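By letter and in written order, the chains are A, B, C and D; residue numbering begins at 1 in each of them.
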Amino acid sequence: MFNFAMTPLGNLFFGLTLIVFASLLLIKNERRDLPLHILLFASLGVIFYASDLITLFVGWEIMSWSSYFIIAKSARIETLQKYIIFNLAAGFALLGAIVLIVAFAGTTLYGEIDFGKVPEALRVPITLLLFVTIAIKSGIMPFHYWVVDTYEESDHIFSAILSAIISKAGIFLFIVIFSQIIGYRYLHGSLFDILAWLGVITSIVATFKAISQEELKRLLAYSSIAQIGYIVTVLALLEGSGIEAGLYHTIIHTLVKLLLFVNIASIIYITGKTKFSQLGNLLYDYPALFILLLIGIIALAGMPPLGGFNSKFLIYTTLLEKKKALLLVAVMFSSASAFLYCYKLIYGIYLGQASGDKEGYRELPMSFYIPQFIAAIILVLLGILPSLGIALFNPILGSLGFEVSSYSSLFELHTAFASFNGGVLMGLFGLVFALILLLVTSMRSKAVKVRDRYDISYCGETPDPQNNLHYGYGMGQELRRISFIRVILENSTATYWEHISKLSGDSSVMVKKLYSLGTQYIGLFILLFFTILLFLGVR
Amino acid sequence: MPENTQEGFIDQQKVLDNEEYSIKNTQSIIQKAVDWFRARSMFVLAYGTGCGAIEMPPIFTSRYDIERLGVVGVATPRQADILIVSGYCSYKTLKRVIRSYEQMNEPKYVIGLGSCTINGGMYWDSYNTIKKLDEYLPVDMYINGCMPRPEALIEGFVKLQDNIRNAKSEAGYIQYRENNAFYRANQEKIFGKNTTPTFEENFAGMNQ
Amino acid sequence: MFLDSLAMIALAYIFGFLYYGLYRNISARVHGRFGPSLAQSFFDSIKLFLKENSTNFGWMFYAGPIIMMIGAITTLLFIPYLNGSEHLVGLSQYGNLILVLYLMVLEPLGNAMGIGSNGNPFGVMGITRGLTRLIGLELPFYIAAIGLMIANHSADIGVIMTNQSEGYNAFTHPLLFIGAFISFLGFMGKSPFDVVGAPQEVYSGPATEFSGKFFAIALSQSAIFSFAKLLLMVNLFLGGAQSLVELVAKTFVLFLVAVLVGNVYARFTTAQSVEFLVRVPTGIALVGLLFV
Amino acid sequence: MENNDNRLIKIYHGPQHPGITGNMSMELDLLGETIKGARTHVGYLHRGFEKLIERRTIIQAFTIVCRICVPEPDPNEENFARAVEGLAGIEISQRAKYIRVMVLEMARLAAQMLWMGGQSGSIGLGVVGQWSVYDRDLILDLFEELTGGRVYHMYIYPGGVRRELPNGFLEKLAQLLDYLEGRLLAYDSIFFENSTFKKRAIGVGVVNRDEALKNGYVGQVLRGCGIERDVRRDNPYLVYDKLDFEIPTYEGCDVYSRALVRRGEMVESIKILRQVIAQMPSEGAIMQKLPKHRKFKLPKEDIYVATESARGEFGYYMAGDGSEFIRRMQVKGPSLIHGFTLLENLLVDEELSNVALIMNSLGICPPEMER
């Protein structure tokens, strides 16, 4: 009944899952429900290693439901409703697509499906159904409505799983369905152009939304949406190099979000506070956490010399090769705007002046550091050896039937447009850092340490510790003065979905009214129905 | 001490001119070079404490153009080398002036501008202004007059540069560090214990 | 390679400060005064290095100027100085334009780290302004860079530079050049885009707490970095230079235009500058991109 | 304002800040860079003038009144002199009146030049300040020639003016006026017509027209709202009723309107000065005979006099008590109401970038606010 196969693609995703789960399960968490987590883990394994559509679907549903029950422990009922409605829709869409494919192809096994047998007219609806599934799971506009609330309200550690792995199930589905099962030659290109634009618009909107957030986890949730937007954009190019770039970004994003969510979970564990306006100046209390977060946001922003740059580089060069200039402009714009929320994240928590006292802070268990360390080390390693990722993806590309990219050394990331050497870059950074540090410390000028954090240049006045000096909330507020960003910030899909829910509520009331009508009306309706049938039949 | 003049006052100019009492010029070559650079580049924190602020725009703009001498205005005390106390200081202002001065990094110099910083000037009998600035801060250069002309200001700067370059007099910041108790006591006369907050801490850090 | 890189840094340091001295002099002439000596900026930076003490806000405070300096130096080393020369190439064969575009952002981000750690609200406001301005600033520049990369089928700066033998990109792609140039004015921190450290608004912005050697490093890096930016503009749009003399001439012309424009415009607010940058130069550059 | 949940941050804009006009301070509550609350802090410049004057004789007091407002000391001297003359019943000569008008208008011109530097500096347009401070210095040179002082003149004296005009002074003044008139065109192109200045200034710092009258705002704030108020016209003193000049008004109520009003006033000042040069009687005493120093006593009466300074109505209330000391002197400058009521209200929901801009356009002068 259920068929499984070990594929390189499955290996990659399952490997990521393994890293995330193994490191996260080490963290002691009294609220965690272990059986459900194991069920979720197993379901992810089923998805990644399935080799027929029914198995895939079963895995998919188990994944949705097991995460539902995990989220249900902490989330509000509205959030749960949002989650389950959207994920049910995703499941139904997937089921619909599978049924249609199987009905015409006659088999559920990946290898035997010939999409050519599906009539032309049905190909677009099937693609659309799959789009809906992928968009809901990965949170592409306008289907990201459930994502942010769910991320915010689920358990702090589970948010990491949601962002790092479960959102990637949509990416996995994209690659498997479109490149392996259906095959790019049968697909309608313009539909995917629209999807690419949807992806990039998602990332722009989510970036600005992220900047204006006040809650730590909401910022990260929007940032997840934005990053997955890039992946979808580059996958929707339907190219081998696109898959390569998408996979690279998937890896980076998984690691980064693992690091960031666990880091923020640690901060919330220590302080019990969840807002930028309540935190600040934790740098000298938790330097290790700070440096880990710094590594995380450097990778998130895609700055050299860490691994984050490699995937951005691949995305850009892929778009350049396809001459998608406008798409590339939009991607770069979004990624340039992302610096602001990256900085807000690190400033709001670790820098600036403390807002409020530090009483009641808890000791952080060492287990919180492990996932962050693992992620950070891999990110640094990928920065030095950028072609490590390519080495990893080449079997996948080969198994999917794409051209394999070549690389001369692991240090160098080579594309048709350009190449760069990660080892040289990292070496240069280290060398310059060391030299300048030497210069600074050996200088004649003594650095006099300020004992009082409030000894700042404050226009001659003396700041009062009672007054807030932490800019955590204010950062990004000024964006509302810029007209096009204001448009983004003040509109949300919430109103749209609320409208739909109101509409469906109204219609259900109508249906209900229909049922509560008197018998004579029902008779009338039946008469009407048959009359219409008769007319139709005569025609 | 040089001989007193008939009025019983010490002739300050004679003190300055007297080789015996002027500070021995014992700069090493390196120190000479360092002092040359310090004299050549002066970042000024022009604190407009009083009327004197009105003669600041002319010296920084095109008529008198003090940037020729390497004198530039900066906004924050952290980068400044020279604090210009321009005119009388009310008690409230004095506190801010002292705080700005303490936030400056050594070497730092103070220019007192106008008669009010010397002896209270016009406001000798005012209840809210200090009379002698050098009871609270070490003043390296006084420029008298009400208003001092821009030319006088420029001359003050040139003299101060000369003093720094040739190490003619002991810089005020050293006095402030070494005779801190004196200044502190005078400041406390005005502010009570409620003086600038990071006063002690800054000096504690410096001695390390 | 090491000596080569050192020579690049030294040249950039000297030219950067000389240009800054020229900037002060030219501005002074516009103001109707003499201005300081050309070497005044050197004196300032050496004086700052020689200050007896400088205020320090903890170990993270060191990081700000250092990361800024790294940003400036790495940007510089990945841009070749001369067209078709073996010398003064630095590490440019290991990098490309996309990398340089990203390295240029390192400076504000590194700055942000150090300034955040001192807890001065003015500094953070300046940083936020800078990062907000970056949103608008990068857009036209990126569009121009993308246009050039697509037109040349390469993201290698050297290739783009040598491909201009028949005509400078500034003339073959004038719209891209105009767009990039306006955003270049912003990158140089000239009016009307000088919102970051606006003294009348946010005290000194990011530099508020920098003193002594930290400020000296910040000044040096800004000299190196502005020369790197000039170099990038010359390489991308003016066909690079065959010799150092030509390089100086070309960068100086660009610099002069930036100075003169900066002198006669008032400062925008942050929102106004982003809106302006997103409307005008981006529009121009987008039209230019369509021609490519 | 309630700082709920640390959303607002508190910063001080001044006293040691390049964006503040003089030694005062604004305490600002910021949400992002948007101001949610503003409080003016003063006291940095308080010298107790009104107290000091009580223990000085009239002649002694005359030397310190000019220090009340530094950028523009002459309206103080004029107010003081006119109040003493009013109380003591001294009538000054026509020639002295013309000289006083000349000094006042030169001072207005110089003050507007300085304002122009400040206003343009507040938006980073340094070049205008460099030029205008230079041009102001040329006026100060004439002042120096006339009175001996660049900034503080101590020239307008109860009973007239202190010194005769130097030889050829009026010709020099006429030359300077021609020069300044030419310079105004340059300022137009670089400042008043500058597209970036317009973009910054139009629609910023809009004063409510009704409140402007109700709260007693004066000067450019009123005239920038299109309300034609000017002490020189409404309540003429000296020889202003014999001079032909207009009161420029603009309807915008914003920073730009106020800038244009000031520009118009510069033109009018030049016009007035030319008329003064033409009309000034060449003969006549400049100084009335005054009682001896210790016998110069003021009757037990009080008086209010007002002069139109470069920033609006500047009034003195003076009361004598029959002794050689002034019993009470109260200064009413334009800055107090502008700096407190108006500025605190205007800044709410404004950007931080516009604080210096608005403050400069209101013409706030802290020394005169605190005395």
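The rule is simple: a contact is a pair of C-beta atoms (placed from the backbone, for glycine too) under 8 Å apart; a residue touches a chain by one contact, two chains touch by 3 or more.
The structure displayed is predicted, hence computed values, not measured ones.
Engineer: Centre of all protein Cα atoms: which chain's centre is nearest to it?
Structural biologist: Closest chain centre to the overall C-alpha centroid: C.
Engineer: With contacts defined as at the top, give the pair, C-D or A-C, that has more of them.
Structural biologist: A-C
Engineer: Express in whole angstrom the distance between the two chain centres, defined as the mean CA positions of subunit C and subunit D.
Structural biologist: Once rounded, the distance between the two centres reads 43 Å.
Engineer: Just the number, please: Cα centre separation of subunit A and subunit C in whole Å.
Structural biologist: 34
Engineer: Could you please state the distance in Å, as a whole number, between where the Cα atoms of subunit A are centred and where those of subunit D are centred?
Structural biologist: So the centroids are 61 Å from each other.
Engineer: In whole angstrom, what separates the CA-based centres of subunit B and subunit C?
Structural biologist: 37
Engineer: Find every residue in subunit A that makes contact with two or more other chains and list them.
Structural biologist: Those would be 446, 448-450, 454, 457-461, 469-471, 474-476, 478, 481.
Engineer: At least two other chains touched by the same residue of subunit D: list those residues.
Structural biologist: Within subunit D, the residues that touch at least two other chains are 9, 11, 15-18, 33, 130-131, 134, 351.
Engineer: Would you mind listing the residues of subunit C that make contact with two or more other chains?
Structural biologist: Within subunit C, residues 31-33, 50-55, 121-122, 125, 129, 199, 203-204, 208-209, 212, 269-271 contact more than one other chain.
Engineer: Spell out the residues on subunit A that touch subunit D in their complex, using ranges where they run on.
Structural biologist: Answer in residue numbers: 275, 277-278, 355-356, 458-461, 463-464, 467-478, 481.
Engineer: Give the list of subunit C residues in touch with subunit D in this complex.
Structural biologist: Per the touch definition, subunit C meets subunit D at residues 27, 30-33, 121-122, 125, 129, 191-192, 194-195, 198-203, 263-272.
Engineer: Mind listing the subunit C positions that touch subunit B in their complex?
Structural biologist: Within the complex, subunit C contacts subunit B at residues 24, 28, 31-37, 40, 43-44, 46-48, 50-55, 199, 203-204, 207-212, 215.
Engineer: Which subunit D residues qualify as touching subunit C in the complex?
Structural biologist: 9, 11, 17-19, 33, 120-127, 130-131, 134, 190, 194, 196-197, 199-200, 351-356
Engineer: Write out the stretch or stretches of subunit C touching subunit A in their complex.
Structural biologist: Listed in rising order, the residues of subunit C that touch subunit A are 49-58, 60, 62, 65-66, 69-70, 73-74, 77, 91, 94-99, 102-103, 105-106, 108-109, 112-113, 116-122, 124-125, 127-129, 131-132, 134-135, 138-139, 142-143, 146-147, 149-150, 153-156, 203-204, 208-209, 212-214, 217, 269-271, 274-275, 278, 286, 289, 292.
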